[in-house]
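Paired with chain B in one complex and with chain C in the other, chain A is shared by the two complexes that follow.
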Partner chain A sequence: MNTLIILVLLLLGAYFVAVLENWISKGRFQLGAPLFAAVAFLGRESFIPRKPDQLFYEVGPVLLLLSAILAAAVIPLTPDLIITDLATGALFINAALVYVLVALLMAGWGPDGAYSMIGGWRFLGQLIAYAMLIVMPITAVAMRAESLLTTQIVVSQAELWNIVYQPLGFVLFFIASMALAFLPPFDMMIAKGELAGGVESEYSGMRLAIFRLGRLVLIITLAAATVVFYLGGWQGLPGIGLPPWAWSAIKILLVTAAMLLIGRYIPRIREAHLLSWCWIFGIPLALLNIFIVGVLVLEFP
Partner chain B sequence: MKSDRDHIESSFMSMIDVTKDLPRSGDGLPMDWIDVPFGPLFPGLPGGLLLTFTLDGDTVAAANADTLAGNTLSLCHAISFNDFIQRLAKLDPLTPTSYPLLACLAIEDATGIAAETSTAKARLVALEKERIISHLSWLTLFAEQTGYDWLKDRASSLQTAFMQANIKQIIKLKKAVIDLHKRLQHTPLLKSCTRGIGQLLMDTDGGASGPIARASGIRKDARSSNKFYTELGFTILTSTAGDTYARLQLRLDEIKQSFRLIEKAAISSDSLFKKIMLVSESNMDTNNASGQAIIETPRGQARLQLTLENGQVTSAQLETPSTQHLTFIEPLTDQQELGSALLAVGSLDLSPWEIQQ
Partner chain C sequence: MSSLQQYGLLLALVVGTVGFILSIYAIARTFGKARPEPGKDVPATAGQLSREPVWVRYHARYYGYALLFLAFDMEMAYMYPWAVVYKQVGIVALLDMGVFLAILFLGLLYGWSQGALRRQ
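On to the complex of A and B.
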């Protein structure tokens, strides 16, 4: 039953992300816009490139959607609303999201098109930049919780949310999540002005709809992971009597809105800069975060 | 042991063997080279520009640029002054004021008449208004290329506002222009993603003009020899870095400068705009004269030489800035990463309609 509820919630969440994205980019709040867009996608003819690698071309978008759903399986929305509370849950999220890279490389290579292929390779470079900044902050979060269970990580923040306990980790994880979801300013692999859509450029109709849905679910999954790791999960603010699911929903939507808004106000980062900044500044800062959290855990258990 | 190695070598596809005959680019890595078109309709580049990069990975190994919509100003037969002006008005939809104005100036030079002061000032205002609109249009494309959505929306809405504005409404847009300038000075990542890209360092202009030349420190601007501009305190704005960031800053500064010139020109009525493209009909019967004019269009200097016979234009030669600037694409993009190369091409602000075929 939980699986069904979470799948429905993910779809609902993806719908609201689409509404938000449309609102932010076009300046108009249109609740029905994603529905009309979806109908238009399904109604359009699907153009197929001349010489695609059929397997990669077809599997890429589906794998993107599946990897995002897989990562969401270990994210608790309430103490009981979780698909599976794995003992290695926090690391499982990272493992599942690695398939985002595989999906995008397949989607980039499959159509046999220059724009999409370059986009796919760009994401590989992007992974080298952000991957450590996903794992290392999660390590610090798990250190405080003394567990990789995602429910236990939420419980460990009962007195103080991790955004206050380890703000550095939050900033790094938030930035890396945006890079993983290829949101602006980290959208080099689907850059319209450089690659005419990149990985997306050779997809149309139903396939493009699945690709876009996969990306929306990925955004909502990463926002939910941020809430679980740093914003106290389902736990609310004192004095406001909302049910746990409502707190989760509000926080996830706020994080999603922040992720979508930030990219609008800054230009796209360059691939080389992302790599150098992540390795020169990001990884040392992530190590510093682990060290600080280690000291705090020892001093204030 | 030896037999094991032999077994491995016989079935192993050596990368050295596979890549030994492939061409090498600057980084020394042998890869398949592919020709990729970027245009004639590519987001972030002006429509009509036919740009093809030969890519080695995502490095540009060679570039080829042409236009789908270039102009040929060859006159098959003599045409009247006003028909000639109308023809130049249709030459470049991105600069609908500069070229007909250039035609007026060249005809006036040939016929020996000078425009009235009020007309000359109105022309100055029209030209500066077009410069603001053109630079804002470039900013919109620049924002599209760099994925800077806020700037794209802001620049395009300001461009529309300027296009529809009369003199009084232009003055009211001052705050919006200043705010945009300030905002771009403080935008994170803007400097880092444009600095050092498309660098053009020149001792002499090498055919460059307009913001391209001035951003490289070349003090070249046709407006400096116009007495009406001098009276309004016009000075040539320059920068020395010669890269995309310098071109961006220079265009932003020029928007502000154009605004100041419009304010100082103090044109009170829009009715003057109706007269700026007209030449005096009293000189229609001028016999066998030639004239020339230079104008500073938003993209650089345009020069027109023409010959008049029996009150009609019989021949004309036009030099446009984009024709010259097109030749910079190859040196600017050579061995650049794809994103940088496209940004460098975009920073040239080419108008495909201006390019002569």
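On to the complex of A and C.
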């Protein structure tokens, strides 16, 4: 039952992201637009390039959606509303999200087109930049919670949310998760103005629709993960009596909106620059964050 | 739920998602096939039909980072179990991991001084 509820909520979240992205990036607020676009995709032609790597071409979009859904499976929305409370939850999110890279590389390699190929390689470079900044802040979160259970991580923030306890980790994780979801400042691999769609360029019809759905689900999943790790999950502010699910929903929607809004005001970042910034500044800062949290955990448990 | 059941549920989630996607493909298929037209299935490059295959060797210009990434990624595999027992073990755990991380960090600094942290 929980599984069904969460899957429906994920779809609703993806719908919300689509509406919001349209509003923020194009200035058009149309509640029905994603629905019409989805119906229109049904009627579109879905042609396959001349000499594709058939397996990679077909698996790419499916794997993108799968990795986003699997990562969402260990994210709690309320104490009970979670698909599986895996004992290795925080690690499982990483494991699932690494397949985003595999999906984009497969989708880039598959159609044998230059634009999609370059898009795929760009994302590989981007992974080497952001990956450490996803895992290192999560380690610091697990140090405080003494557990990899995602529900336990939320409970550990009962007194003080992690965004106050470890603000450095929050900033690094937020930026890295934007790079992981290839949101605007980091969207060199699928940007329309860069490589005519990059990884998306050789996909059409329903396969493209699944690819885009996977991207939307990925964005909402990462926003939910940010809320669980840093914003206290379902826990509310004292004095405001809302139910836990409402707190989760409000926080996730706010984080999504922040991710989309920030991208609007920053020019696109090449993966070469991102690599040097992440390795020269990001990783020393992430190690510093682990050290600070280590001291804090021992001094003020 | 036992952990076996949990992984079973995750497997069911994978199978269900693939089934959902296949059924959507099937629905789209009932609207008709793509019409065969000349040049339509050729990948485009800069407005022209791409004649040559692109499956060739590329220069991975970030290989310096990639090698460092391997070292750090291995280290992260040890960090998770360490993070879980950190509070129990206390200051000794901080020192143990501190020495390990300091050596790795020196490696990062050495790599930087040798020009690994730039586009090759």
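Methods note: the second predicted complex is superposed on the first by the 301 of 301 C-alpha atoms of A that agree within 3 Å, B and C clash if a C-alpha of one lies under 4 Å from a C-alpha of the other, contacts with A are read in each partner's own complex, and residues count from 1 in each chain.
Methods note: contacts are C-beta pairs under 8 Å (C-beta built on N, C-alpha and C of every residue); 3 or more make two chains touch, one makes a residue touch a chain.
These numbers were taken from a predicted model, which means no experiment stands behind them.
By the touch criterion stated above, A:L180 is placed in contact with neither chain B nor chain C. Of the two partner chains, chain B and chain C are each touched by A:A272. Of the two partner chains placed around the shared chain by superposition, chain B and chain C are both touched by A:A196.
Of the two partner chains, chain B is the only one touched by A:S25; chain C is not. In the superposition on chain A, A:M132 makes contact with chain C only, not with chain B.
Taking chain A as the reference, the larger set of touched residues comes from C, when chain B and chain C are compared. In the overlay built on the shared chain, the residue A:I153 is in contact with neither chain B nor chain C.
When the two complexes are overlaid on their common chain A, residue A:A114 makes contact with chain B and with chain C alike. In the superposition on chain A, A:A87 makes contact with chain C only, while chain B stays out of contact range. Common to the chain B and chain C interfaces on chain A are residues 114-115, 121, 196, 271-272. The touching residues of chain B, when paired with chain A in their complex, are 34, 36, 42-44, 55, 57-58, 143-151, 153, 187-190, 192-193, 337-340, 342. Of all residues in chain A, only 25, 27, 114-115, 118, 121-122, 184-185, 187-188, 191-196, 263-273 touch chain B in the complex they form. In the complex of the two chains, the chain C residues touching chain A come out as 1, 3, 6, 9-10, 13-14, 17-18, 21, 24-25, 27-28, 31, 34-35, 40-45, 50, 53-55, 58, 60-62, 65-66, 68-69, 72-73, 76, 79-80, 83-88, 90-91, 94, 97-98, 101, 105, 108, 112, 117-119.
Those residues of chain A that touch chain C in the shared complex are 3, 41-43, 45-51, 62, 65-66, 69-70, 73, 83-87, 90-91, 109, 111-117, 121, 124-125, 128-129, 131-132, 135-136, 139-140, 142-143, 146-148, 196, 201-202, 205-207, 209-210, 271-272, 275-276, 279-280, 283-284, 287, 290-291, 294-295, 297-298, 301.
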